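Just below sit the structures, each encoded as structure tokens.
Note that chain A is present in both complexes that follow, paired respectively with chain B and with chain C.
The block that comes next holds the complex of A and B.
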């Protein structure tokens, strides 16, 4: 599975062949389905990509805060592989994009230091036949729901890709001297502040770099996730995720909200 | 780390072209509708060690706290006299001003850093602020994390004052403007009251009090009621002191409580809200349309 551009499992080929005949699958709710149809898109299939990745080992120093670059690369590459395979499935279906993308990480008892990275979403195609592939010639991806996708299009923006940045950082332990020196005091711990600050900013910068590569004008719905996975509490992965968007039309067609009183009990 | 000292990675991120925003699509669309252009996700952090006043455990069981750190103190004396060494003849509620100071320092530093990032972007304000306080691996270390979306007011001249800020975003912010109010700043305050229960409180709180409760019937626990009331009162007073002639909207009061050992409690009240200023008279909102959901 190292060649990500053409190496999907055999079962995938059979499933996609059926989808190409017109049947579609999707994890969209009914409301999402209707809203996506309303803005001129049609779901063509539920697509996914997966990668089981051995994350390796990187030594850390007890008293030093630093980025663990090998782990950062591993976490990034694994997600990228899963995403690329999902995009490949979408391309097989002739899709213009994938909406409602979800990225998850699973750990199994049988795989020590290995994790499965999974990307799933619903591939959609434009009903007017005009290509909506992004600047890189790939289907756009987005973690937006059907409702958000509809709303975004009313503002004249269009999604270009789900962008992410990650940084695995080791936060230094405090030495006995440092601990004793501040015992009982209200004091900021600049080492901790700086380390956490730096790690999150690095993750966000990398996410923005991805958006820039896509020629996006912005990123919406950015969220920062923090997990220690299986590395212990002082090693944290900071993951930044969002949907890169491009202003494609000057028109904002969103209706002015109306104040309502719900009569539901 | 001085409040004006952003990490190099932050400077680099903010100097890039594409904007980022922590707003969901609905809030993002509402921002555009209001003439606010998101220019970047901004954040601030502070890891803060919480000091102590050496009042825990044995030292406190020997004598009442003298209140030398200032703040609210209330003493309770039981009427039973000396029964045994375990019998708590006195109790006390006292404000932990050093806990409040640490919290406010952490909050203020992370807030300043977030505003500094917004200032770097030339933003007029920060909307949709979310602030969280989490305990780091070291139990006495709190991390203050503040994140929001910096916005520029379309067609407005460059700001000459620090950015305004608000917890509100989307339709809630839109309604604030419609009501003739503008956000000035997010605002927060904390109060921390430690309770060292005397015998009656200890019995009524459950410990060995089953017989006493049964014999005396339902009863208010004065010491606890007083501690919680004071916690709320102090948090409210501190916020009021910061408001000046402005008002508070969208306030949220959270009360947390911890039991360290039998009869030793801490109550914290955290009040967050939006400091707002009137800029025009209130225009009545349109008459709401009644709806019934069919799903």
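The block that comes next holds the complex of A and C.
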């Protein structure tokens, strides 16, 4: 989807060198740290990628619902840049994957059209030395927490990559005639419904396409976010995000969960 | 409790501080129960591995920054990063001293509070001092400080790891302004703003590197629960700050001890899907 420049900004060099010498950093909680050790992985470093991106301008027609391709492209591009930089850091550390990825957008005073896209996560390696790189030869990424990662592995599935789809959509305003015509009535507003449906479908389809590229058999933990960012009320970004998974081991007998009543408040 | 008489109506702050200091200095290592902000669960957890809470301890440090530091310039705002670092170090030094004074071996559950103002940087640390039951006091340099909760501390110890101390780093960098021509030219385009991206990166890398340096100095194997705060300051739109801190840990037993989690279904109403209490 994007032509990503493959060079990390220069400043990263020294920090990663230190990590290669054996120190690890991670934003995992102690629980997550122990669970990841439990399934045979070791954290190698806190990795991140970021990009500050200026979003272009696209004119919208007042009465027309349509995808704003330029804005969609900007959102895609910026996230790809951040994700790719994070993956590069992980690859540099010789990691097999990145868990607990968080993908966020920040706005600053510098200009309302500019936003920072950040991806952070903890790079991990398999302690048995078997490579867990995904089909594309890159470290797997996943937004699952350490707990979810442990649970997922118990079921015999393995994460392949964080997949996403996005669509920025302009939803048409209703004409005055229409508005007057429906005053005082219970009626569905088909143009709004239709527009929202279409935007959501586009985003979901794009996410699924990414998963197919990774040869995944499913996507878990999908989140659908609707945000207007700073575009006004009739322009919406639909973002769907999830972890693509693939069944890697044969039959698994899942332990029966123990029912407990905790004594915590 | 000789040091705590009711204060007179006109408060003499300096005298109060002197009195508080004298009170702390006089105090012998406690033998009985002290104060702690641990929950009952956490206290039981600690006792399960043979540790006990001793006293609530705190450390605070305020460092001033020169006026006009935040607005114009290029590259890193060295003095701000330095002030932050020194505030952190001296606050944690005070925490070490207080903990050693009450006969503790470590401080757990440290709340890290940081405030960055245009004129000064303030770091405050507050936690519960702990020690193995009945252990002899150690000197301040032998005390560890950790922002892990008592429960996390217990879990780590069970798994064969030990917290060594807090590592931190911060860096503040000017975000260069675009000139008018460039800004106009880019108005309608989708472009990455490389100058901002690089400023952000440089703040982040410097801060992370400083934290790693701390961790290496403590001879740690790694840093867990790294927290990060980033973004522009309210009073300085064209500067970005990045601060990180976390607990340095080291594997002390010969190998990592598996904690063997159980799958449980909690019958509580809360939507917590995974209850970590079962791990202990």
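What to note about this one:
Just so it is clear, the second predicted complex is superposed on the first by the 254 of 265 C-alpha atoms of A that agree within 3 Å, B and C clash if a C-alpha of one lies under 4 Å from a C-alpha of the other, contacts with A are read in each partner's own complex, and residues count from 1 in each chain.
Definition applied: a residue touches a chain if its C-beta (ideal position, glycine included) is under 8 Å from a C-beta of that chain, and two chains touch if they have at least 3 such contacts.
Note that this is a predicted model, so its numbers are computed, not measured.
Within the superposed three-chain model, A:155 lies in touch with chain B and out of touch with chain C [touch as defined at top].
Contacts of A:260 after superposition on the shared chain: both chain B and chain C are touched.
In the overlay built on the shared chain, the residue A:222 is in contact with chain B alone; chain C does not reach it. Of the two partner chains placed by the overlay, only chain B lies in contact with A:185; chain C stays clear of it. Of the two partner chains, neither chain B nor chain C is touched by A:83. When both complexes are overlaid on chain A, the residue A:47 reaches neither chain B nor chain C. In the superposition on chain A, A:29 makes contact with chain C only, not with chain B.
Within chain A, the residues touched by chain B in the first complex and by chain C in the second are 147, 151, 154, 256-264.
Listing the residues of chain C that touch chain A in their complex gives 41, 148, 152, 155-156, 159, 175, 183, 186-193, 196-198, 200-202, 204-206, 208-209, 211-212, 215-216, 220-228, 231-232, 237-238, 240, 246, 256, 258-268, 274-279.
Those residues of chain A whose C-beta lies close enough to touch chain C in the complex are 9, 11-12, 14-15, 18-19, 22-31, 33-35, 37-38, 43, 46, 48, 50-57, 70, 73-74, 77-78, 81, 106, 108-111, 113-114, 116, 120, 147, 150-151, 154, 255-264.
The part of chain B that touches chain A in the complex is made up of residues 1, 6-10, 12-13, 16-26, 28-30, 32-33, 38, 41, 43, 45-54, 98, 101-102, 105-106, 109, 136-138, 141, 143, 147, 171, 174, 285-293. Of all residues in chain A, only 144, 147-149, 151-152, 154-155, 171, 174, 182, 184-194, 196-198, 200-202, 204-205, 207-209, 211-212, 216-224, 233-234, 242, 244, 252, 254, 256-264 touch chain B in the complex they form.
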